[in-house]
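The following blocks contain the structures, represented as structure tokens.
Shared between the two complexes below is chain A, which pairs with chain B and chain C, respectively.
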Partner chain A sequence: MINYLLYLYAESPVHAGASGSDGALDLPIQREVATGYPVVWGQSLKGALRQAARDRGLDDDSFGSQTVNEVFGPPPSQGDEPGVNPQAGLLRVGDAQLVALPVATMQRTFAWATSATALSRLARKYRYAEADRTLPTIPTPNAARGYAGDQVWVGSEHEEQVVGPCLVNFESLVPSPQAKDNNKDESEDKSKDEQESTSEDKGEDRSADPVYQWGELLAQEALGEREALEPFASKLKKDLLVVGEDVMQLLVRQGTEHTVRVQLVPDTKEVKQLFSSEYLPAETVLAAVLTLREHPDRSEEHQILVQELLEDSVLQIGGDETVGKGLVWSKLVEAHQ
Partner chain B sequence: MSPTGPTAEEAREGRWAVIEPRDTVHVRDGRAFDAGEDSTAYTVRPWPSTVAGALAKALGGEPSCVRGPVLVHQPKPDKREVFFPVPADLVTSSQAGRSEVWRLSVPDRAPEGVVTDLDEQAPQAKGARVPSYARRSEPLTGWVPATVLSSYLAGTLFGSRRSTSTADIRLRDPVLFETRVGLGRDADTRTAEDGKLYRTSHIRLQDRWQFAAQYVPARDDEPPPRGPVPFGGRGRLAEICLDEQLAWPPVPDEFPNGQMLLYVVTPGIWARGWIPPLDPGTVLVGACVPEPVVVSTASPNDTYREFLASRASYWAVPAGSVYYLKFPSPETALVWARTWHNHALEPARPRLDTAGFGVVLTGVWP
Partner chain C sequence: MAKNKNNKKDKGGKATPRAASGKARGPFGRAVRTTHNSAEKRHDLVLGPQQTPVDQGANALVVLRRLTLAPRKSPQDWNDKNPDRPLHAWAGLHGLGQQDNGLAPDVLARRTAFLQAWRRAHRPLPAVPGPGSDGVLRLQLSTEWRIAPGLGLRFGAQETGASLHGTYGWPLLSASALKGLAAAAASAQKVDDDLIRQVLGGPRPGRKQTEGTVGRGGVRFLDALVVDGLCVHEDVITPHQQPYYTTNGPQARSNRTRRLPGEHHNPVPVEFLSVSGTFAVDLLGLDPAHLRLAASWLRWAGDEIGGGGRTTAGYGYFTDHTPAPAQETL
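Presenting the complex of A and B:
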């Protein structure tokens, strides 16, 4: 078996629709029942991958329908007999779980919020994928607090940052010398320039900070060295915030986008009905584990297909594609087992 | 956890395998399902056969037998604790916010005015009775740790108290059901196809919870199981590892008056239906058996005909059921308990016992 860790980075808001309405929300996104974290079900993701293979003509020209069907399984209508799928697909697609959620902040416009739960699951995915990485320690802040890698987010005991609908006090797991000096006299006002300058600007080495290390890892592996994403990769290193579970629970519920849409009567242009949709915001980071079973003769071709399909490409996931939703950048982390 | 597996002596006693689903688990309950007709598929907790199939895949061949599944909680990387279904004779208050737990009792004689034909097979069996001080009660559902079940089986869970509480018995319910919808999609029009919307439910264990089962290897030098392996339907995978620290609750040292409590760990499929196979002379005094469950099994096959030939459905006694037995003597009870404690009783069909159905534990009843 070959395992892949698949990162998805949302270019536009993503609507992977759930099974029913959620209170006043007509079209909620998929969420895990245990944690309430947003998720993209494996079945939805697999369908999107199959459609992507078709859209790129991989079942016509380069690989042929046999190879695509071997990887994804034959279309449902091709079974000769009811109740039996004559061949299961070789690719097993797991749920894409939340890694980091962009949230509005009062400085630097936005930051990415993650949690010990989300990072623990990502670490587990690395273990499943047997990707040879030494992962950073997983920070575990108190329920209503957080850890930041860059000193610009770190304040004194009662200095809080606006993070979406929350006010959160951030600490640094590896306090900088500057921060230590500031803490000696908390009443001393920091100049505006000093507040806005990053640890990088000050020449501080943050490489020992686990939060910074996670940001760096995600920047490298989820976004990669892609020119279009470089500013965001650079920002992710500095603006990843690990928040406590109480804060994360609010963010995953209130940090998604709710859009009210209108259906008009075509002739009169009168409002026929209003409905509300929920979206995972652009810049969200998700991760899933894919497992490709080996074929006695054609494993290499299957691997090339998966790599060509997913390595450094833009996919369409979820609904509302005709109004620009659901574009995600994909990135593969591969490991052999 | 042991990377190399237990010793040969331990292997004969069985090894504990921990099964950690990567995502959700989808195990169909056997009801027919076709998108567009009956468009809802229901999922259940993994059957013993589901676990046995996964283990066979992980081991590269079938083990001698499988006993499970149960749940395990892993609060720390190096600590796991086995959890069992709540015994069916524990009840709780039906009033909101109340957390008291009471135990049903076996009456001396059957209640008057109750007519039943259940006693045709077990003429001396009586239904368990709710204590008079616990009028508004309902069945308690969930999972309790091995230490609590051990105390229950030893008859010391309540001590001299009339009741205990859900906190005291560390009641947990980490098995959550997640409803999912799916649709057939026309690849050309990029729209949903008519009549191909369906709904399924998946099981999602809370974080740090896993399934576990004991298995007896087919040979002493069998290597440890290796994952990932398919677990349930929908192409779902699970990791498998060994944990030699897990253990069953112990067999009681004695059975006063020959009274034995039989606790069902995994669904039982027995020749006499709800009545477990017992030795002649053993009297079934009473029982708490919740609604039966329908167990459906099938093997993956290449053709529809083979698929039809391999599938079967059974009525099964649910896990957590409790039987009150009376043996001719304390000695015969002890011998029977040492034979069958944490083993599967004789099944209605061959191989259902080695697949893990009908595993029981023994205890005492007051």
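Presenting the complex of A and C:
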């Protein structure tokens, strides 16, 4: 058995649609019932992966339909009886859960918000996938506050930052020498601060900050070293904000993109068919666990197929594809048996 | 932090910052205020106790869609009719946050890289030389004058809206608008129904769903950002007989008494934002012929139909300025 951690990074808004409407919203996105966090269900993701394999011609040229069918399971129309699958696919696709959500801000255009819940789940995925990583500690801010890695977001008691619909007061877990005068923060790292107070290098003293460490981990594992993503990887290190659960609840509800679409009567331009749909905004980071089960003799081919499809690749997931939605960068983190 | 302290010293060593002339309504007022700029006769948005000027780093999704301003005791030059004018002024000054924003070139470069990766990952196409033969066609559409997309999106306090990118808040020509324009152009040119369906999907609006007419279109339209020459304009439209227009026509509520037009009605200025510049319009698809058709419909629509609002007043027309080699190599 091989486990993978699949990261998805949204290039364009993603609409993994839920059934039914949600109040005034006609086409809401999939959400977890208990937390309200946006999610892309495993069944939706698996369908998109299979379609991607088909779109790239992996089922006819390079691998053959047998390999694709072994990995994803046979297509529904095959087999003697309709609706009966003689065998399951070898690839298990988990839900793609929220890791970080972009939020509009009043400086640096946007920042990524995450929460203790989201990070704990990511840590759990790493443990489940048995990916060999030492993970940073998970910051747990008060319900209505937050932690930031970069001093730009940190303010004194009454200096709050606009984060989408909220005003949030950010603290630094490791106060920098300058901010120490203003902040009555925890003084646990006093001796360390004194040692470093001579050096002006901010990077050095941020490396001990768990918020910065998470940003660094995500930049490396979710975005990777692709050249075009490099500016965003370095932004992610600076602009990851860990917010309390109260703030996160507002952000996951109000921080998504709502679009109103209409159809115009060709001659009179009268508005018909007005409907609103919801999207996960571009720049959202999601993660899912994939498990590839063993095959007696063709395991290696299956692994190559999964890697070919997802490693440092691009995909389309969710609905509204002909209006350019659901384009994502994918990144595969391989773990061991 | 250190930078802010220096700024304060630069302003003539004042111990206290200038008095705010107004502030955002509601809790946002704790963070966002305005100060009077006497040289320019306007009120500028500032942030926090340090009064850092709000620049292109702010996101229009907050400024235009979440803020509304309240003046403090009748400050100078404050427009009581439209107290939110400083918000539009910010949008005009900083190109809705995109102008001089270091992130903008990175976003555009990432899109190009995405299209290249997409092209590499997908099935080899039938070898047809010419634009779109690798499954990606990029057009550069320049506005002839100005375009006002998303006027009806009144998400904020203003009466008029604007089409904004859902993460960066920059001006956007949405993919659904572009696709609608292509469809309008195709049917205006009386293109064969079957062909329209292959390119844009079916069944087309108003047509019955019959066998063989259902399916996804062959072309993906992507949201288009401005790549060059971005300028955001603070425009105004002034209906002279507002009571007549609001009580007649399809948008009037049926329970309101209809008013006749009259010269005694006051003109009512309505401020709105429009954009000019060159938009990068990307089309993806497996059949180069479909891509070229969609592109030709968009070009035709740019000349004949126009996109966005106020097309009868000259807004919304555009021309194709795609550099010749760029069409082939992306």
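Observations
Throughout what follows, the second predicted complex is superposed on the first by the 304 of 337 C-alpha atoms of A that agree within 3 Å, B and C clash if a C-alpha of one lies under 4 Å from a C-alpha of the other, contacts with A are read in each partner's own complex, and residues count from 1 in each chain.
Just so we're on the same page, contacts are C-beta pairs under 8 Å (C-beta built on N, C-alpha and C of every residue); 3 or more make two chains touch, one makes a residue touch a chain.
Source: prediction; values computed, not measured.
Per the definitions stated earlier, placing chain B and chain C onto a shared chain A by superposition produces no clash, and the two fit side by side.
In the superposed model, A:Glu321 makes contact with both chain B and chain C. Using the contact criterion defined above for the overlaid structures, shared-chain residue A:Gly94 touches chain B, although it does not reach chain C. By the document's definition of touching, of the two partners only chain C reaches A:Glu227; chain B does not.
In the superposed model, A:Thr117 makes contact with chain B only, not with chain C. For the combined arrangement built by superposing the two complexes, chain A sits at the apex of an angle of 130 degrees to chain B and chain C, based on C-alpha centres and given in steps of 10. Contact comparison for chain A: of chain B and chain C, C touches the greater number of residues.
Within the superposed three-chain model, A:Gly36 lies out of touch with both chain B and chain C [touch as defined at top]. Using the contact criterion defined above for the overlaid structures, shared-chain residue A:Gly20 touches chain B, although it does not reach chain C. Per the superposed model, the minimal spacing between any CA atom of chain B and any CA atom of chain C is 5 Å.
Residues 321 of chain A are contacted both by chain B in one complex and by chain C in the other.
Residue ranges on chain C touching chain A, taken from their complex, read 1-2, 27-28, 30-32, 47-49, 52, 54, 57-59, 61-63, 66, 97, 101, 103, 106, 109-114, 117-118, 121-124, 152-153, 155, 165-169, 174-176, 179-180, 184, 187-188, 200-201, 205, 216-217, 219-223, 250, 282, 284.
Looking at the complex, you find that chain B touches chain A at residues 22-24, 34, 176-182, 184-185, 187, 190, 199, 204-207, 228, 230, 234-237, 239, 301-304, 307.
Those residues of chain A lying in contact with chain C across their complex are 11-13, 55-57, 102, 104-110, 151, 155-156, 158-162, 164-165, 167, 178-179, 226-229, 231-232, 235, 257-264, 266, 270, 272-273, 279, 281-283, 313-314, 321-325, 327, 329. Every residue of chain A that touches chain B in the complex is listed here, in rising order: 1, 3, 17-20, 30, 32-35, 41-44, 46-47, 51, 54, 75-76, 80-84, 86, 88-89, 92-95, 117, 120-121, 128, 289, 291, 321.
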